[in-house]
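Across the two complexes that follow, subunit A remains constant while its partner is subunit B and subsequently subunit C.
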Partner chain A sequence: MTSRLRKFKEAAFGYGFLLPSLAGFSVFLFYPFLKSFYLSLHSMNPRGQIVEFVGFDNFIDILTSDHFYQSLKTTFFFALLTIPACIFIAVCLALLTYKKNKINLIFQLIFASTIAVPIGNASVIWKLLFHPTAGMFNYFLSLFGISPVGWLTNPAYALLSVSMMTVWISIGFTYLLLLSGIKGIPEDLYESAKIDGAGSFSIVRRITLPLLSPVLFFISVISVISALQSFSQINILTEGGPVNSTNVVVYDLYQEAFVNYRFGTGSAQAIILFLIILLFTIIQFRLSERKVHYS
Partner chain B sequence: MKAINWKMALPVLALANVLVIQGCGTSNSANTPNSAASSNAADTSNEAPVTINWWHAMSGTNGKVLDQIVKDFNASQSHVVVKATFQGAYDELLNKVKATMGSKSGPALVQMNDVNTRFMIDSQAITPVQTLIDRDKYDISELEPNILNYYTVNNQLYSMPFNTSNDIFYYNKDLFKAAGLDPEKPPATFEEVEAAAKALTKDGVTGYAFYIEPWDMEQSFAKQGELYVNNDNGRSGEAATESLMNSEAGVKTLSFWKDMIDNKNAQFFGRVSADAQKAFTAGKVAMLTGSTGALRGMVEGAKGKFEVGTGFFPIPAGSSKEGGVAIGGGSNWIMNDKSQEEQDAAWEFIKYLSSAKVQALWHVSTGYFPTTTAAYDEQIVKDNLVKYPQFNAAVEQLHQSKSNYASQGASLGVFQEMRNFYSTAVEEAINGASPQEALDKAAKSSTEAIQKYNDTNK
Partner chain C sequence: MSKIQRTAVLIILILASAAIIYPIFYAFASAMMTSAEIDSYPPHIFPSGFNLDNYKSVFAVVPVAQFLLNSFVVAIAITVGHLITASFAAYAFAFIRFPLKSFFFALFLATIMIPWEVTMIPNFLTIRSWGWTDSYWGLILPFLATGFGTFLFRQFFMQLPKDIFEAAKMDGMGHFGIFLRIALPLTRSASVTLAVYSFIGAWNMYLWPLLITNEESMRTVQIGVTMLQFEDFTSWNLVLAGLALMMLPPLLLLVLGLKQLVGNLTMGALKG
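Presenting the complex of A and B:
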């Protein structure tokens, strides 16, 4: 009896500690999620009020429309343009600056600094850089006699331009993670490799990168999630245009829900996106079991 | 050297911009709950003046003038206190209004733009001003008939027009002279504009500036006397069910723009009207269309460089149907989830806004039209027309409009969505698709959206 009570007390104590975060999650995560699911099964009137239960009609509408696959394609393309480039650049920068000295300290500060820039502000600044006549990029091109590029107005360049900006802003966080990862690698491994006569390239390839793989894996998971959920920069820079060339899923569902006030189809889109992201994360974890080296 | 310095200042400007925007955001969110609370307080007491909230979409200069008008009104009497709050541009404002419909936190009076008129009616969350006009036998004979037409649906005036504008043609008189064209005779048809653009395009100048403005296409339909959506533009009792933007009038208009761009006689500015206007005041492009709201800025921007001329919005040669300009701008709506007392207070304020004196002040300080013809007798309006004779073209264009379903403009609940489809179609056409093909696609999407709206509008 007493041991049972003690066990219960202990468990209650533990749950008590979990309570604040559970409350937070409930308000900001579980409730909205359940509500989205509820909304996704209904149709709305133009004021955004529920009209009737429609079952899975919203999902069927979305999955049978070309428009959705188009925006899904754009989203994946956006992920492909941003994630590898961002990780590659951040790894290079981290490898160049991880050694402890005063100059590196300055570079570390600079390379990590984009972490402190709110994405809204960054988008506004980049919008000016991309400006067709007054922008800095076209000004530099004109110095080389290259005719101006419609960075955000030409459907062929718009996604690339948004990706450039996204890579720039994501580098700060990625770099910081990689830097701490590299710093965590024991110095003696490098020393013994050097004694064995390894060149700096093979040290990176055989020691640094494998030992960095848990960090790289973590980065790849959160990068995929955040790329598939990108919204702010697209909202400010292109509003999904031109010709839907930057209309990623989240921007599209935002339009559907908060501009057209069709919360039903908007929520259904959000749930489909959630399932896609879930699938990707599971795949990544499965792959990582074989590839990631946890020391 | 000067140019380089300016470019280096851009990021700083951007930062300043962001700070300003953030400032606005916080002040808004702080205002709303306060003002809502005070309006509730007004419900319970009969002695105190009635406080009403007015949500609007006017920022910058227009916002300042509007605040002044509200201040004057509050000082002029002791029964009603109006609290005006800027809630973002029309789209943003509409979203906030939608979110508060049926709750206590909404305003008593809302300014909304022209194209959301049908949505506001369908929402059933408003009191038609017609009922108050009828109750008080309020005289609307002096209100501008062409403006009233737009806001009259099923023979009822649902909202009171407040700020109205009009789409006109702007041109650079000096460049016209240099190209051997008559600077006093603006081109009136597509063909004349195209010929002028060809003559004007030389020495680093491009003849025409084109930017995507769905209003231009709607205007083109109205001027040609063609319907933009079926069922008499959705105005004769039956709701519209089909978009007609891919009809001949639309294809002709889009081909006109596309051909000029393809022949390099026009420069394309994407969706950014400000960029096109900047190029115009810099003398880099010679012609464009735009709102009367931009007139003052263009004339001031061109000061000392060249003379700005204005004309009517062009139409294709030989179009014989009667039409006219469909006005743009906004009107004020009384929300019906407020007490009668508050609605009456809002109505008092609306009457004040429609007076000749206020409309005259509003007109000369913003570039919007007076909604009442009596305003033209006010001295400040007369002075303004002397100072900006370019405004005459706009006034004439409005007064010459023949009122019919076409020139009243389309009335439907998914206007904003339809405009998005249209803008995408223009982008497709300019990037190689044929105008017919692009507009067919946009019309199809629009029709689907209209039908979805009609199906769920219960």
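Presenting the complex of A and C:
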């Protein structure tokens, strides 16, 4: 075989092996991604057919409405209520339970368990727990003499309640990632630190956390992305209410496109969401350049 | 750590465990309560006995068996799809030389950056125009490729010793042979990690099935769950029995696959 033929055959194998993935991505990711830009510049009828080209009108409509900024504010607030709390709890739990022994194995299973609880199931369970008269949360409060709280019905508490549930369900995945990350740190680093007389806290501060920074960075990036995309728990727990207090961007987008059948403005909203997520990801990458240690 | 510190840590961990496990425990415990127990005040924390009647009744009230079947079909198909597409692509990135490789690698990376809400409206219109709403095709096909899975497999492949491949090539093995008989069998833990991860993810899908299924016979468990909740004639113990059934498969999978997930999960995520 000539070397050119061999190279050609090699390349054919390469593309052949990529083909299944590329086909999937092309039809259901790249094409619709570009199509979204196209649709966002058009007005569409409820059957999903293009009516006319409207330029940036859809974007102007969205960006000049108070409603949009309200849902954006709610989304950011939701991200602030959920991400720091979730990461803080997961880091503490991971640091306290990463060592190999029988009792930690049980703790690990429990702390990771919420990764396996489907968000639809979790939302319905929490909805029952939050129930104003028959829910367990208000019952537990009553044991301490605290009067019932309108967890999901009071606009002042609804977003906080949804956030509590979200922190709970996110802990499993965050904890598992951290645990994986800690296991990747070589044992001898701890040993030498101990020989140098470092205490538990200073080992955590000087060795574990810096070496975990790539994992922590990854977690913070995907946490922001997934917080900005939250939908299921909102749809089941509050449907955006009461008085719009939990109307996050994706819920609003879902309403616009699949309840009001305005696919054009829906697409424009999706593009804006994409740009916001991209912006946050870029900012996080920039910030991390100085702070993340790759070994 | 001193003895006092160790006890304090243990107490904190036990309290945290109780808080985290409580909603799951609540579902399974209430599912075993009778209607009288669940409606009583003050509420019961534990069921009075091991009572499986609610599980029987819930099958009669809503088509749970159909929901479970649909979810199993969809989740298994997506999991198998991920394993195939990701392992092939990862092998190409790890071992095959072809033009524009770094471009395609960047393209795979970019897939992780696109939130799927952006593709949701066109995908919905596509599936509808193909007449695939209320079908397994519509639920499965859009999700067969995975960037995360590809990076996970690639990372495992890169760690395999190079001389095995040289030897296999000397023996006249082609890429297909090496892939099927050497690379895949040696990276079984990558397959298990991705399988657990993909199955749980597919089982948990909510928004997409909500959009493209209308007929009861095509609903997956996650959508069925909300149906349970809105049926006024069902009491809470029935709702929770349904929920318990629906979350059992992913929970069991986690118990079996936890060891694989710990340690392997960060590979696809970080070192890709």
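Just so it is clear, the second predicted complex is superposed on the first by the 278 of 295 C-alpha atoms of A that agree within 3 Å, B and C clash if a C-alpha of one lies under 4 Å from a C-alpha of the other, contacts with A are read in each partner's own complex, and residues count from 1 in each chain.
We take it that contacts are C-beta pairs under 8 Å (C-beta built on N, C-alpha and C of every residue); 3 or more make two chains touch, one makes a residue touch a chain.
Being a predicted model, the structure only gives us computed values, none of them experimental.
Once the two complexes are overlaid on the shared chain, A:97 sits against subunit C while remaining clear of subunit B. Looking at the shared chain after the overlay, A:128 reaches both subunit B and subunit C.
When both complexes are overlaid on chain A, the residue A:120 reaches subunit B and subunit C alike.
In the superposition on chain A, A:260 contacts subunit B only, with no contact to subunit C. When the two complexes are overlaid on their common chain A, residue A:36 makes contact with subunit C while staying clear of subunit B. Using the contact criterion defined above for the overlaid structures, shared-chain residue A:139 touches subunit B and also reaches subunit C. In the superposition on chain A, A:48 makes contact with both subunit B and subunit C. In the superposition on chain A, contact of A:177 is made with subunit C only, not with subunit B.
Taking subunit A as the reference, the larger set of touched residues comes from C, when subunit B and subunit C are compared. In the superposition on chain A, subunit A positions 48, 120-121, 124-125, 128-129, 134, 136, 139, 258 are in contact with subunit B in one complex as well as with subunit C in the other. For subunit C in complex with subunit A, the touching residues are 1, 9, 12-13, 16-17, 20-21, 23-24, 26-27, 39, 42-43, 81, 84-86, 88-89, 91-92, 96-99, 101, 104, 107-108, 111, 113-126, 128-129, 141-146, 150, 174-175, 179, 200, 203-204, 206-207, 210-211, 221-223, 225-226, 228-229, 236, 239-240, 243, 246-247, 250-251, 253-255, 258, 261-266, 269-270. Taken in their complex, subunit A has these residues touching subunit C: 7, 10-11, 13-15, 17-25, 27-29, 31-33, 35-36, 39, 48, 89, 93, 96-97, 107-122, 124-129, 134, 136, 139, 168, 171, 176-177, 179-181, 183-184, 200, 214-215, 218, 225, 228-229, 231-232, 235-236, 250, 253-254, 257-258, 263, 266-267, 270-271, 273-274, 277-278, 281.
Residues 43-48, 51, 120-121, 124-125, 128-129, 131-134, 136, 139, 150, 152-155, 239, 241-244, 255, 258-262 of subunit A touch subunit B in their complex.
Within the complex formed with subunit A, the subunit B residues making contact are 7, 10-11, 13-15, 17-18, 91, 95, 98-99, 101, 119, 122-123, 125, 268-271, 275, 278-279, 413-414, 416-417, 420, 423-424, 427-428, 431, 449, 452-453, 456-458.
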